[in-house]
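Each chain gets a letter, A, B, C and D, in the order it is written, and its residues are counted from 1.
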Amino acid sequence: MSHTVLIAGAWISAGLTIFLFSFLYKDNPFFKIAEHLYLGAGMGWWCQIYFGVLQEKVWTPLTHHEWLVLLPALLGLSLITQFIPKISWLSRYGFTFLMGYGSGLAIPAGLATDFINQIGGTIQPFANLAGMTAFTLFNSVLMAVGVICVLIYFFFSLEHKGAIKKVSNVGIYFLMIYFGAAFGNTVMARFSLLYGRFDSLYTFSGKQYLYATQVILIAMVTYFILHGFLTRNKADQDEEAA
Amino acid sequence: MKLIKKTIPLAIVFVFGILTLLTYYVPHKHSVDFLETMNKWENIVTAFAFFLGLISLFYAHSTKISRKADGWGYSLFVFVGFLAIIIPAYISKGKNMNGAELTWMGWAFQYIYNPLSATMFAVLAFYIVSTAYKSFRIKSLQAFVLFVAAMFLILGNVPLGQIIWDKMLGWTGYNISQVVDWIMHVPAVAGKRGIMIGISIGAVVTALKIIFGIERQYLGKD
Amino acid sequence: MLKDKLNAVLKIDRRWIFLALTVVLFGAIIHPLGLLSKNIARDTQNAYEFMDKIPAGSFILLDLDYDPSTAPELSPQAMAVARHAFRNNLRVGVVTYSAGATGLIEQLFAVVPGEFKKEYGKDYVILPYQPNAVAVMTQMASDLYGIYDKDKDGKDTRSMPVMKGIQNYKNISLVVCIAGTSITDIWVAYVGDKYNVPFIAGVTAISQPGYGPYLQKKQMRGLLGGMKGAAEYEHLIKTPGKGSSGIDALSLAHVMVAALIIVSNIAMVILKYL
Amino acid sequence: MIKHKVFLTLFLSLSAVCGLFAAKPAPAAKKAASLPPAAVLGGVTAADMPYDVGGAVLLRWAVNPSDTPATTYTVYASSLQAGGWVEAESFASTAKTGKDIDLPFWAWDGSASEHAVKIELTNFFGEIKDGDVFHFKVAALENGKLVAESLPLDASTTSNWFRLDRLNNVVMLLLVTIVFFWAVSHAKRKGLFIRRIAGLDAIDEAIGRATEMGKPIYYVPGIGDMTMVSTIASTFILGEVAKKVAQYDTTIKVPHYNPVVMTVSKEVVKQAFLEAGRPDSFREDINQFISSDQFSYAASVDGMISREKPAACFFMGYFMAESLLLAEVGATTGAIQIAGTDSESQLPFFFTACDYTLIGEELYAAGAYLSKDPMLQSALKAQDFGKLVVMISVALGVILTAVGALMKWGAFTQTIADLFKAY
């Protein structure tokens, strides 16, 4: 890759970054360009991935005379009949396959990891009762009680009143603690990402990239000032006209 | 007509559902091979489904352009973006790197696709701040509990937060990382577990409904 | 009067908040403050101490598996660990199992070895990307040249001084894996447990809590978590870098979030009850 | 003769122990080295590893009480009649007992008094067919010196037909299935009681508001595929929302991430308009495909929401990081926002940024709540039954395990632990 191409990359990268960020100020043509470009680029990215999948899993086997892959290929093609209303019912064959496969996988896996193991995980600390301090015992009991209360909150066929209402309210508090903790914990990851973006903008502001960040930023600000000025004039004229 | 429009699709769901389900309990080589084949099939069908989406997208934007609908100029950029990835991918034969050298596709990924997705992801940081200010309201005791848990985690994750904690609450004798640890490993786990168990049962019951054809709304009528 | 003002404060245009965040983060990048916690996490300390005790001349394997989205957190960790290794005159072999990491690895090793006057081939080597991690890990138990007979540029590795006397895990003093993927678990399951190779990991802040059990059972000798782990490690090796300036930026931003929540709620309470 | 040698080994090991205790291991080690090698290690069996796909063999032999910490065992395997030994496994004498085989009590009788070693032959010999015969031997080493070795054993592997260790999963599945069918077949015409779900009562309000303001409604079905329960639930709610939209004669927009979900949603909306008696108001462009790339989808939907300023936004289905990207932009435009998802990591963001949030299972129940379909409502019964099973299991399990731990009934607590472990 030549040096010029890399500098061009830096300019494009810095430009697209700033265009997308400009949405935070307000919607504008530059954001719209970046947004539409991204629509195409995103689909393009996945397109080459899925193209690779089809090549590897359909085309190559066919050249080796493995005709069985025609079956899923036909199921897949049936989805495309969507565009022809008369035979669009054919697409049912494709997605009923997906539904059957997905449901069949979901049942045992759901029972194992999210059901049986979660019960086991709640009970298991008590096996070591002798080695527990008062605090860890309290924690384990709290956890078990919490799980039961949350489940009562999710009970649908019971009216939530009286004792059940009280218990399910306790359940809500456990949910709230989880939400709060998850919220607080995610903040870090999101800021790290933003920091990463800013850091690369900072890199592109260097001399070797011909001050890409500064130039684009200044151009954007100028646009917004001019645009604001012009539309305000226009608004004034409208008022006068009215 | 009802047979090929409704009965066979329902039979497909049932047969593939039950067979895939059984692979979990049957360790035999045939069962493993079957599941592998199904995974491959699913990959293939999903790939075709993607093209269903791609065609819809192209159709929508090309009609916009041909009708010169509002903002049709922007629709042109959809095609520009698509080609900006696809052409380099074609030239580089789908490889990001050629030894240590960045290929054209690697270049397109690094300077077009990646900044776009990373920036959109990073915008979240701004929205977290504005949510914190605008929506994070302590209107009830429940919201207060949420607030307290979030506060501990937000402060406990960074050194400056720890310093503030030590200055203000250091007298309690607890370190904030201990408190954070406790929240994450005891009450938060209870909350999460409750949700997960509920979800798993819901998922199992829904999957049963689909396999046995009780839930068939996705097929549409007629 | 006060109430009107408070109302205005509550209804402030969110773009002012965005601007404040930008200033805080960009400010910290351009002008680091050097805030660092006194309490270094135990797991970071353990990682540092383990690494520090490895005798000079030993060979360590550095697995770097992060892509641009996790790089802000993980690349400072990698840099700090690499610096520490070079300062203690360890030999370093770099491997990766993510295609997206290759470019970032090049960037990193274009800078760090030069600071310690280390030479490619003599003091460190970058091995090529391999897609199937489990197969490679198993192979390295007997003879790593079965896979890594060439370096990233296709040069013969056997003849390099850096690889002298290195055959398999028995000759490797430590594996450090800095990754934003589940490869960390694979290292523990397939290598750490089976072949008794000491293992240290660097992970993102969000996945950090999940590794508690491994640390408890000593399957990991230490763990760096997120930007904070990087900053702590930089503090321990006394070379502030991206981690330290990053953690400054993050610290300020976190405190800003906390302050915003508190301010808006105090304003709301005053409006409602006073 | 054999007995004699075993005795000798025993004696040697014992002396090694004594040496260790005396903190002078050197003489004992020297003695061991000078003695003739290889007594015969008796009682080793080799058989197919049960409940697996094949390709693995299980070797078992009794733990030798006189083994010292310096004793190690090495297992060799070979595919040839003679020679060709490959070192398959090497471990300390305290490791790899019957207890370490991770199988539940109903499928495995593990005791600490025997060694049990699982050898994955595929790691050493590549592809293996059922019935291929392999040879094994076990060697006991003391400080790296061979002290005893078993005679070669033959074993072959088979592909098994049932994962007995997953019996608890099967039982649970059967139980849920039976209750499910019972509930569905006893579905009452008049419907069952379902508790109030806060967010759903607000749907009417939101649609009413949109009608008054003459602004559109956005219904975002998330980024899940059609097999996800949250997406299925979402299309159900979409049907009910679309029905009301058709009745009130307002506009609705449904931007899609997944083309298959779009196909299904089209059918659902069309049907809803038909049922509301307004088939003429149905338009194909209600459902639009946006993008199959997570963040370009979010960017585009954000753009649309901020330009059209809808009166109400629904976010129902499976969401990842884009949850807040969507909800916060929706909040900026002042729309009423109702969210529902089962991805627990995103719930906190919807919860803070939206007016109403359906948490996890509430989303699944919403379809039944809105449509009042007796079939769906009775399926909810099956879900409640499942939760009841969990609650009882947790409560009983905790008590029994605690009692077992107090009374030191190791086997009893292990039994309970096995019952609630997924293998």
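What we mean here is this: a contact is a pair of C-beta atoms (placed from the backbone, for glycine too) under 8 Å apart; a residue touches a chain by one contact, two chains touch by 3 or more.
Bear in mind that the values here come from a model prediction, so they are computed numbers and not experimental data.
Common neighbours of subunit A and subunit B under the contact rule above are C, D. Two chains share more touching C-beta pairs than any other pair, namely A-B. One finds 18 Å separating the Cα centroids of subunit B and subunit D.
Centre to centre, using the average C-alpha position, subunit C and subunit D are separated by 29 Å. Centre-to-centre, using mean CA coordinates, subunit A is 22 Å away from subunit D. With centres taken as mean Cα positions, subunit C sits 24 Å from subunit A. Taken residue by residue, subunit A touches two or more other chains at 20, 23-24, 32, 34-35, 38-39, 41-43, 45-46, 79, 82, 94-95, 98-99, 101-103, 106-108, 111, 113, 115, 119, 122, 144, 147, 151, 154, 175, 178-180, 182-183, 185-188, 191, 193-194, 196, whereas all remaining positions touch fewer. Shared interface positions of subunit B, i.e. residues touching 2 or more other chains, are given as 24-25, 46, 49-50, 52-53, 57, 102, 110, 114, 116-118, 120-121, 123-126, 128, 130, 134, 136, 146-147, 150-151, 154, 157-158, 184-185, 192, 195-199, 201, 203-204, 206-208, 210, 218-219. Taken residue by residue, subunit D touches two or more other chains at 166, 169, 173, 176, 225-226, 229, 259-260, 263-264, 290-293, 295-296, 299, 344, 347-349, 351-352, 359-361, 365, 383, 386-387, 390, whereas all remaining positions touch fewer.
Working note: touching chain pairs come out as A-B, A-C, A-D, B-C, B-D. Against subunit A, in their complex, subunit B makes its touches with residues 5, 8-10, 12-25, 37-38, 40-55, 57, 71, 74-86, 89, 94, 101-102, 105, 107, 109-126, 128, 142-143, 145-154, 156-158, 182-201, 203-204, 206-208, 210-211, 218-219.
Contact residues of subunit B toward subunit C in the complex are 96-97, 99-100, 102, 106, 110, 114, 117-118, 121, 125-126, 128-130, 132-134, 136-138, 147, 150-151, 154-155, 157-164, 175, 177, 184-185. Of all residues in subunit A, only 20, 23, 27, 31-32, 34-35, 38-39, 41-43, 45-46, 79, 82, 91, 94-95, 98-99, 101-103, 106-108, 111-113, 115-117, 119-120, 122-124, 126-130, 140-141, 144, 147-148, 151-152, 154-160, 175, 178-180, 182-183, 186 touch subunit D in the complex they form.
Subunit C meets subunit B in the complex at residues 12, 14, 17-18, 21, 35-37, 39, 41, 68-69, 99-100, 102-103, 106, 129, 152-154, 205, 209, 212, 228, 231, 247, 250-258, 260-261, 263-265, 268-269. The part of subunit D that touches subunit A in the complex is made up of residues 166, 168-169, 172-173, 176, 192-196, 225-229, 259-260, 263-264, 290-293, 295-297, 299-300, 302-303, 306-307, 344-345, 347-349, 351-352, 359-362, 365, 380-381, 383-384, 386-387, 390-391, 393-395, 397-398, 401-402, 404-406, 408, 413, 416-417, 420-422.
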